[in-house]
Every structure is written in structure tokens, then in C-alpha cells.
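Here the chain labels run A, B, C and D in written order, and each chain numbers its own residues starting at 1.
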Amino acid sequence: MTKFHSDNAAPVHPNVWEAMRKADEADNPYDGDALSSELDGRFSDLFGRECAAMWVATGTAANCLALATMCQPHGAVVCHEESHIEVDEGGAPGFYLHGAKLMLAAGDGAKLTPDGIASLIDPIRDDVHQVQPHAIAITQASEYGLTYTPEELAALSNFAKARGLGLHMDGARFANAAAGAGGSAKEAAHGVDSLAFGFIKNGAMSAEAVVLFDPEQAAMVKYRRKRAGHLQCKGRYLAAQILAMLDGELWLANARHANAAAQDIAGACGNRLMHAVEANELFVRLSPVERDTLRAQGFEFYDWGADAARFVTAWNTRAEDARALAKAISSL
Amino acid sequence: MTKFHSDNAAPVHPNVWEAMRKADEADNPYDGDALSSELDGRFSDLFGRECAAMWVATGTAANCLALATMCQPHGAVVCHEESHIEVDEGGAPGFYLHGAKLMLAAGDGAKLTPDGIASLIDPIRDDVHQVQPHAIAITQASEYGLTYTPEELAALSNFAKARGLGLHMDGARFANAAAGAGGSAKEAAHGVDSLAFGFIKNGAMSAEAVVLFDPEQAAMVKYRRKRAGHLQCKGRYLAAQILAMLDGELWLANARHANAAAQDIAGACGNRLMHAVEANELFVRLSPVERDTLRAQGFEFYDWGADAARFVTAWNTRAEDARALAKAISSL
Amino acid sequence: MTKFHSDNAAPVHPNVWEAMRKADEADNPYDGDALSSELDGRFSDLFGRECAAMWVATGTAANCLALATMCQPHGAVVCHEESHIEVDEGGAPGFYLHGAKLMLAAGDGAKLTPDGIASLIDPIRDDVHQVQPHAIAITQASEYGLTYTPEELAALSNFAKARGLGLHMDGARFANAAAGAGGSAKEAAHGVDSLAFGFIKNGAMSAEAVVLFDPEQAAMVKYRRKRAGHLQCKGRYLAAQILAMLDGELWLANARHANAAAQDIAGACGNRLMHAVEANELFVRLSPVERDTLRAQGFEFYDWGADAARFVTAWNTRAEDARALAKAISSL
Amino acid sequence: MTKFHSDNAAPVHPNVWEAMRKADEADNPYDGDALSSELDGRFSDLFGRECAAMWVATGTAANCLALATMCQPHGAVVCHEESHIEVDEGGAPGFYLHGAKLMLAAGDGAKLTPDGIASLIDPIRDDVHQVQPHAIAITQASEYGLTYTPEELAALSNFAKARGLGLHMDGARFANAAAGAGGSAKEAAHGVDSLAFGFIKNGAMSAEAVVLFDPEQAAMVKYRRKRAGHLQCKGRYLAAQILAMLDGELWLANARHANAAAQDIAGACGNRLMHAVEANELFVRLSPVERDTLRAQGFEFYDWGADAARFVTAWNTRAEDARALAKAISSL
């Protein structure tokens, strides 16, 4: 069986294991260790602007802690109607934001645009009966595997500033997005106020980074992280994972590998593709019979509605498996 | 330097590392893997009564998720005024319980008694102006390293039932408490409705267990765990840690080791001891000069107020280091 | 100027004033007075089934306190996408329900049906990643002035029971709905678990009733009412308002008056009507020029989008003013 | 029977009734009416500094809405251990502040001092494990009927500023405090950032004022007021109450009347008094037998512990009743 279900259950990369084992030696609890202390500087270098960075164990926590810096309990976060924070996080934003709303915007490929957001929020009356937007959350790569260009991000960032809204990026697959667009973390996070930088799907075990481009918000996030039960006492093992992923740009190499596998498969899909393949996800029109055929050959994946399937590649997807899937799709 | 600061930054036990590495092979995400599925049965066996058990990354989350099953947002949890949930969890109960209060009871050695609780809650008028208690939280071992006997637990459990209150046990050092009292997990958790069973201080890396002795509450906790951002997608690595700790009673062996080291030190402390040493913590009267003397010999520990110090042993405390500390204290 | 903006700013009915003045004489604080104590019995009589009833100052609070009895913080309330709790209550459900979601269903005339709800909730996977519905909220009369028949309510109630969901009714204009459908409060609230029974739009000053058809929930609502700052110390003045509205069926007489005025106007609207007029609201297709014409004659009302207007009658709408408006519309 | 239970159930003052009746004529909903619009200016004049002022129906809501402007959900409000917000508001601060804590300081006569607060908060470590104070709440007059002088308020205000804390005043009996200290509202609220100005105990029916001396916070409070279900649609009746109380300084005259009655009684109490009588409350040492004697003569009041009683006078306490009580106490 070769698995294309998701990248979220892939094994841990050997470099990450090694870094974690080495962290046995350190012994300051919480985030008082030397590894955790490196994060601010390492991410500031990576993004070319000063930022604060903290580990947490899940993307859900990373997104919600960042959003809490920009959305009051009586406000709302504008997000795509198919975004992960709306659809798949079990109501976590409502919990972390103390009852703030998610406002659902439409947009092709699960991407938001200034126009799409404006058409949602412009009709909101400026009175207390209606919840007002405080922030925007976008996903890079989007829930359909599409990426935002620096130009698109600049437009969103300018729009957000003009409206007095914060701009957060859910980067569960940020590495794949950056890899798909030339490899610049800086460009892939252009103009955002905060980023949940995902490492778990890309080779780590249990560490994502909350990156705040307004470092003054770091204190609040640290208090909230503790309050949410996310300050692990052996935090050095999380810091070690992230540092291992940053070292030698392992995050980028792993993402490029996954994206390349996705491209191999995409080449066989032709106009079966529902969306461009810009990262490591493929949404492919396949009839039930066709899906049965593929599954009979040992390929595992999720259905996507009645007439399609989703395939996800990962840092450990073997090239031969990707080619085999491509061939199988071509042969349908 | 030999460290007696805390057990919360000790390295990960080799068996735990081995089990985690093996978990690379599995690949169902979240808690859909075979390891996570074992937990209910393993803890039911251990405690001799049916229970549901789930991993989370911190004791704070474990405590709060369990408490949410027994305390409504408009209620209160009775706890000791020096308990960890009151003093050291950054307000997490207020977050997870949506604004419920902690009601602070007194008690020797940070232990609660039915009488102590009654004297706190009996004066509360049964009217809507006053927050009503919904639950009791105790700590095993207590914040001063004392343990509850099965008889004490039975009295608390009966009291709780008579008052319609839930009874939760914070077991950050549950293993040390059980080890200190004969080694029975069943007896050490006698009569409680839920337990946060700590493994991290005792050799794990990032996994504690929420144990619910009313398994019908498991669904609620699972939804709340996700909502709190604590459902890790590679949860198998947490389950693996816990299972490694349960296998061959490693949890008990590690705790016995730490407790034995504490006893070695205790033997040298005489009436310097502020509390009986029933687990792996020592609170020792030491003047500033005496503490300086010990530190000059390379021993590390926390001050405890102006005239005392706290020493904590761990699963990896070397016997010779404990003996050396004992000798140094004797020589003061 | 004759006003058809809304019924929410109408003056207080003379009987209500009189009852309030008489309440000066009583003097037990909060809800310990004789008037407040009457509510349970009076509403139980009115609805022909045992219920608990409490005053609060706003419909928003009434809705939210009732919903909190049936929706946990990690759950959701299904409501119409144009419902007041979604659109016009400033995020109050998110506050009172501690972050629970509103799930937005479609339906003609802002009414919900079992099929409409099923099509919304059936695709929700039964897993912790997705917020699960806990309750349904409907509005009687609906946001477009339509009423639910007892048969429609029975279908919704049966559906809710089958799915394990609570069923709440927002009755800001419950009196108008009941008046429009034969005058039976019992039928107009058929099968619901709770009702926010509105009196303010219908002649009271500041008192709505939360009616719980499961009286065991009353204690929780009373604690939550206090916690929300809604337990007024001179509550007798609110009870007096409600009792004055119930006495001699003033609530029904006032609503019938308003509905009759609406019917007078409706008779002139023909196929300009966007919805049937079943209570005291009219949604009328009118061009901008036509609206200008009406306003030039002194009629006040809200625009409803680009090509329509909303007219609301109230307990104090003068028959001649309604006829004058009808005539003016006929003459367009 | 002459009642000295509390001032919280006194009837409504005739001027207030008259003003409310006149408000029938206005008809803009919510706080869009002319009366509500007057509040900012009227209170700015009264306090001699610019402020924003809004009506709400209870002191609980007033306190909590104000505190939400100065305390984040992860912070704490320092208050007296016997303060109303801690003891008698059903956990409302936990609800409105989304789980923030109350930190309980001691102080004679339920008053706080900089030293008392410092001794509570100085030991709090500046780390994320411990909840940090964000605000201070004091009560004017205190729960024991004592008042803060302008000098005491200046000291608290300076302390708060130095520590970066907000300073809120619960003024449920602010009028009595001001009346007891020379009649200056300005002095009685010296240096505070917000005030819950109580009118209900002093002759109004259902209106207190939230006064914000940083008017920029008004928008947040307005959104939160709506979100809490406290934006009444016929708000003009609340504004009318407050304006009637301000007109001709009725608030001060009523408070002076109540205070004078309290002084009449105090004169008979000698060293039975547990606290100075600076407003309209008396705490008097009385044995059970003595209390029985008084009650047998028709005086009603609350026990205050085993050997004392609380007497409260109100705007409508008759001078002869106060004298009769004084005489009865003298005769014990």
C-alpha cells in the first residue's frame, strides 16, 4: 500500500530525531533552555525582519494564539469558508478568542482577495448590533494547495492595514508554499502580521512555530500559551525539532521533495485537475469506479466529494510511488 | 554540578525513546493509531476499574480538561490555596472552565480534608449571588510531597459524593505518590472521578494521561482536547511514551528510584525537614549561609522562602549524588 | 410623521405603567418578591404545561440564557442565516455560550425546516475536528414576519428529538405570531424546549420572559442570569410588567391590534408583498422613487435593500395611520 | 415594620417616575434617543473632566463592563477579599473578563491601600506561570460603609499608574460616599479610570451609569454592552432615570437624607459600632437577645455574623423611623 492520505502522519525525519536526542543533555525547563532562546533570532534571519517565535505542539494552537493578538472577544476574524480554522479545528478559535466569530468569505481555490473580503464586510453596519471584523486569516498554501504570490499578499496586507485589520497566515504547509514559489520564506510571508509556521507535516514530530512580526505581542502570546496548557516543561525537545528543520534549510528540502512528487503525479492528471498544483496537494476528478481501480492497485487516498479524490505527498513520499501513481492515473 | 531543582527537566528515559522511534512505523493521524487505542484498556487494567484514558502534552491541559467534565462555567473548583492549578498554571482553569472560580481551602502540607473543605463551603449561601462549588481538586503527591492514603481518599470521595461534587486528582507526581505508598496505582487513586496521570516528570517527554473513571465523559474531553489545540496529529508518539512507561511498570520503577534518592537525603535532614518525605520532594530548613555552603559544593536547588530550600529527585538522580547531598547536609 | 420603523421603540402601555407604579409598594429585592414568584404558575397555565419563567431585560439575554441550557461551549446552535441571533445581537451567543458556534441554515422567509437543517448538519462528520450541533433556534414570528404552524413545530420538535438537539424559540414577536395564528400561546410554542417570550415590542418597557419547559433547568438559568448581570435588584418592576401584559390577555389584544393594522396595509400592497403578512411586519417592493413619495407624505420606515421597504406596526399604531399608509401605497 | 435591610429594594423616587413617563414621547430605539445622548456631557460636567457615560441595568454589569477595558482575559483584578465583585456577583467578573482572576487583598473596613495591594502582588513572579494583575477595583463607599478621601484615592491612583494597572471604582453607593464627604462627586472619584455610578439604591429603578474617564474606551464598552444583552431597546427610560437623578442634584439630596438617618442611628450606638458611619450603612454589635428585642419592636435588618447586625438607610427612610431605631438601641 502506498499512502497519499495526508502528510500529517508521516514519520519524523532522522535529523529531527537526532536533534531531539541531543536535547536530552540540556535541562532548563519550559522555554528557559538555550534552544528555545535561539528561535527569535533564527526566524528573524529567515524572514529578514525582526520577529518573535515560539514553539507550540499544534497548528490549531499556533493559529489561535496568533489570532488572539489581533481579534478581541467581541470581534471577528474573516477567513475562507473552507478554511481549516472554520471547518476542521473543532471550534478552537471560538475558545481561544473567547467567543469571537469567524466571518466566512468566498474565493476561488480557498484563497481570499481584497475584493472578496470587501464584499463580505462592507455591508456590515458600523453599529454595535453587528460584530465587526478585527482580523483576516489566510492559508498558505491554501486548503486546495494554491499559493499566494508576494503581489497578492501585498494587496491583502494593504487592504488589511487600510481597514485596521490584522493579517494572520495559517502556514500548516507554509514550507510547501514557499518551495512552490521559489523558496523564499520572506516572500511567502510577505506583509503578514503573524504566521503559524508548520513543521509537523514536513518532518517534525510535535512542533510548530508561532511567528509574530510585531515582537511586542510576544509577551501576550507567552502568557496565553501557558494559560492554554501549551507550555511544555521539556520545551527544549520542541525547539530542537524546529532548529533541526531550519538547519541547512531542511524545511525547504523536505518541501521541495514533496512538491516534486506532487508534480510527477500532476503531470499525469491533465484536465482531471480541479486546481493548479502549486504545493503538495492534488485534487483530481475521478469517478467512483476509477477510484476503486486505483485502490485495487494499493493506492490510498481520501475521496473528495462524489467525483474526485485528494492526494497529498509528503517529505517521505518515495519517487517511485509517485511515478507509480502517475502511471496508474494515466492508465485509467 | 548536581541538580536537585526539579524533576520537570529530566531527560527522556531510553525505553521511551525506543518506543517513540518505533512509532515512526505507524501512520494513522491524531488518535486513530493502534497505540492510542490501547490506552483505555491499559489504564482500566491498571486501576482495576473501567476508565477512558487520553494523552495530552501537559499536566495543565490534563487537569483542566478533566475539571471541565465536572464544573460548569458558573461554578467553582475547591482546591488548596497552594495548589498548582491556583498558583502555577497561569490561569488555565479560568480559561478551560470559561470563568469558573477556584475556591481556596487551607490544609496542612497542601492536603485537603473534608473538614477543611466544609469550613470553606458551608458558609456559602445557596443563592445565585454566590458561586457554588461543583468539584474538588486534590494533588497526589501534594505540593509538599505528601501522599493521600486510601482512607483519606475514601473520606474525600464520600464527602464529595454527599455534596454532589466531582473529585479530581492532579497527579503530576502520581507515580511517586503511588510508589511511596506501596506501589498500588489503584489505591493511590482510590475514589476519584478523574486523574491527570503524570509521566513527563518521571521519564516521558511530552505525554500525560487524562484518566476518566466515568468513561461516558470521554467524548466531551475528546472534543474539548481538539478545541484546545491539544489533539496532535502525530499522537502515536505520545501514546508510545505512555505505553513505554506502563510496560513492565517502568513508571513505578522510575518513581521508586527517585523516592529512594529522596529518602537517602531525608535521612540526613533530621528535624530540618518541614514535611514528611513521602515521595520525591524535600523541604528543608536551611539558612542562607547553609545554602551557600551547599551551592559552593555544586548542589543546585531552589530557595523556599527565606530559611528553607526545596530539593527534588528524579528518575535519573544518581545514587551517589543523593548520598553526596545527604553527606553535605549532615556536615553543615 | 407617522412611524413604521419598528415596534421596538413604542411607548409603554398604560396598564404596564400602572402595574409598575403599584410595585413601589413591594420591597423584597431581586426576584424574591411576590410578583416574580407568580411567573412560573402564570406561564404554566398559559402554555398548559409545567414550565419555569424568569424575567430579563432584553431578548438577547433571554435567547442566550435559554440556549446555554442546551448547547455546550464546544457545540453549535443551528439557526437561520438571517436570524437575529446571528445578524443583530452583537455576538452575544458567542459570549453566553462561551465560544459555541452558530451554524447557518437557509430557509424561505427566514423559517427553518427539518430538511433544511438536515442538509446542513448531515455532512458534518462525527469526529472531533468538526463542531457538532447541540441545539436549534427558530424565530416565531420569523425575521420576515412569518409564523410556524403547530404542525411545522411538531415536525421540527420531532426532528430535534431524533437528533438529540434542543429546540429554542426566539419569540421577540411571539405575541404577534400567536395572534396571527388564532391566539393560542400553546400552539405557537408547540414542542419547543424553551422560549424567549417578548413583551417589550408589544407594550412593556424592559421585561421579556425566559420560559423553560424543562423546569429543572431553571436553577442553571438563575445562576447564569445573575452571572450575566441581569438579576436586577428591583426585579419586581419587571415582573409587574409581564404580569400586566398577561392580565386579561393584554399581550394578545396588543398583538391583534398591531396585526390588524398590518393587514390593513397589506390589503393595499398586492403583489408588492415579498412575504405573506402573518404578524405585524410587511416587506414591500417599492422603488426608490416610490419610497421618496411615501416619505414625502410623512411615512417613516426602513429601506430593505435597494428595491423594497420594511413596515412594522405596533400596539399603538393608530388605525387611521395604517389606513393612510395603505391608501398612499395604493396610490403609487 | 420599619425596614433597615437594605437600600436595594426602596421604591422609585417620584421625580424618576415622572421623567420615565415623559420618555414615552421619545421614540428612537436603543441609545439613539436624545436622553441617552445627554449622558456624556452631563457626567463630564459633574466630574469636571471629560468622560463617556452609558446606562446599564445593574451594578454587576457596570462593574464588569468597565473592568473589561483594563483587564485582559489572562490577567487579574485586585480587589478586597470582601468586595461585592468577589463575594456577591455570582462570578460575573469571570464571565465578563473571560476567565481573568480576582486577586484578593486584605484591608481594614474593606478598603484597599497601596501597601495592602503591594504586599499581595509584589511576591508574584514576573513569569507566565503566574497570573499578573492588570487592574485594581475599589468600592466607594466600601462594603462596610467607609469612604475613600481624595488623598487616599490619589495614593491609590499613583500606585496604580506606577504599576501599570487600571483603577476602577465600584460606586453602588457612590452617592452616599460623596454625600458623606462633602458632596463632591469629583473628589469622591478622584483619580479613577472608571466608575460604576449607582443610582438604583438611591431612588432609580433600573439604571446605573458606567463612567469612563478615558472616553476612547467607550466604543469597546458599547460593543460589549450589546454583546452582554444589556443594550435595551427602550434605553431612553434608563437615561431618563439617570437624568432625573442628576437634575437639581437629586442624587446628592437623596444620599444626604439616607446618610443623615444613618447618623441619627449611629448616635445611639456608641462603641457598639464596628466601623465608622461615613455613608448609609451601620454595622452594630448586638447580641442575639438584643436583636430579638429590636425585631420584636418591628425593626427589620440582617444579622452580621453571630454578634452583630447590619442596618442600611435609604432615600426614603423616614426620620421618625430612624429616631425610633436609635431610641430602641439606646434602650437595650
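General observations
Convention: a contact is a pair of C-beta atoms (placed from the backbone, for glycine too) under 8 Å apart; a residue touches a chain by one contact, two chains touch by 3 or more.
Chain-to-protein mapping (UniProt): A, B, C, D = Low specificity L-threonine aldolase.
Just so you know, these numbers come straight off a predicted model, no measurement behind them.
The most distant chain from chain A, with centres taken as the mean of CA atoms, is D.
By number of C-beta pairs in contact, A-C leads when A-C and A-D are compared. We define each chain's centre as the mean of its Cα atoms; on that basis chain A and chain D are separated by 50 Å. Here the spacing of chain A and chain B, counted between their Cα centres, is 34 Å. Distance between chain centres (mean CA atoms), chain A to chain C: 43 Å.
Under the contact definition stated at the top, the residues of chain B that touch 2 or more other chains are 73-74, 89-91, 94-95, 98-99, 128-129, 223, 226-227, 231. Chain D meets chain A in the complex at residues 72-74, 98-99, 128-129, 132, 220, 222-227, 231.
On chain B, the positions that touch chain A within their shared complex are 3, 6, 8-12, 17, 20-21, 24-29, 33, 56-58, 60-62, 64, 89-92, 94-96, 200-201, 205-206, 223, 226-234, 236-238.
Chain C makes touch with chain A in their complex at residues 73-74, 76, 87-91, 94-95, 97-101, 128-131.
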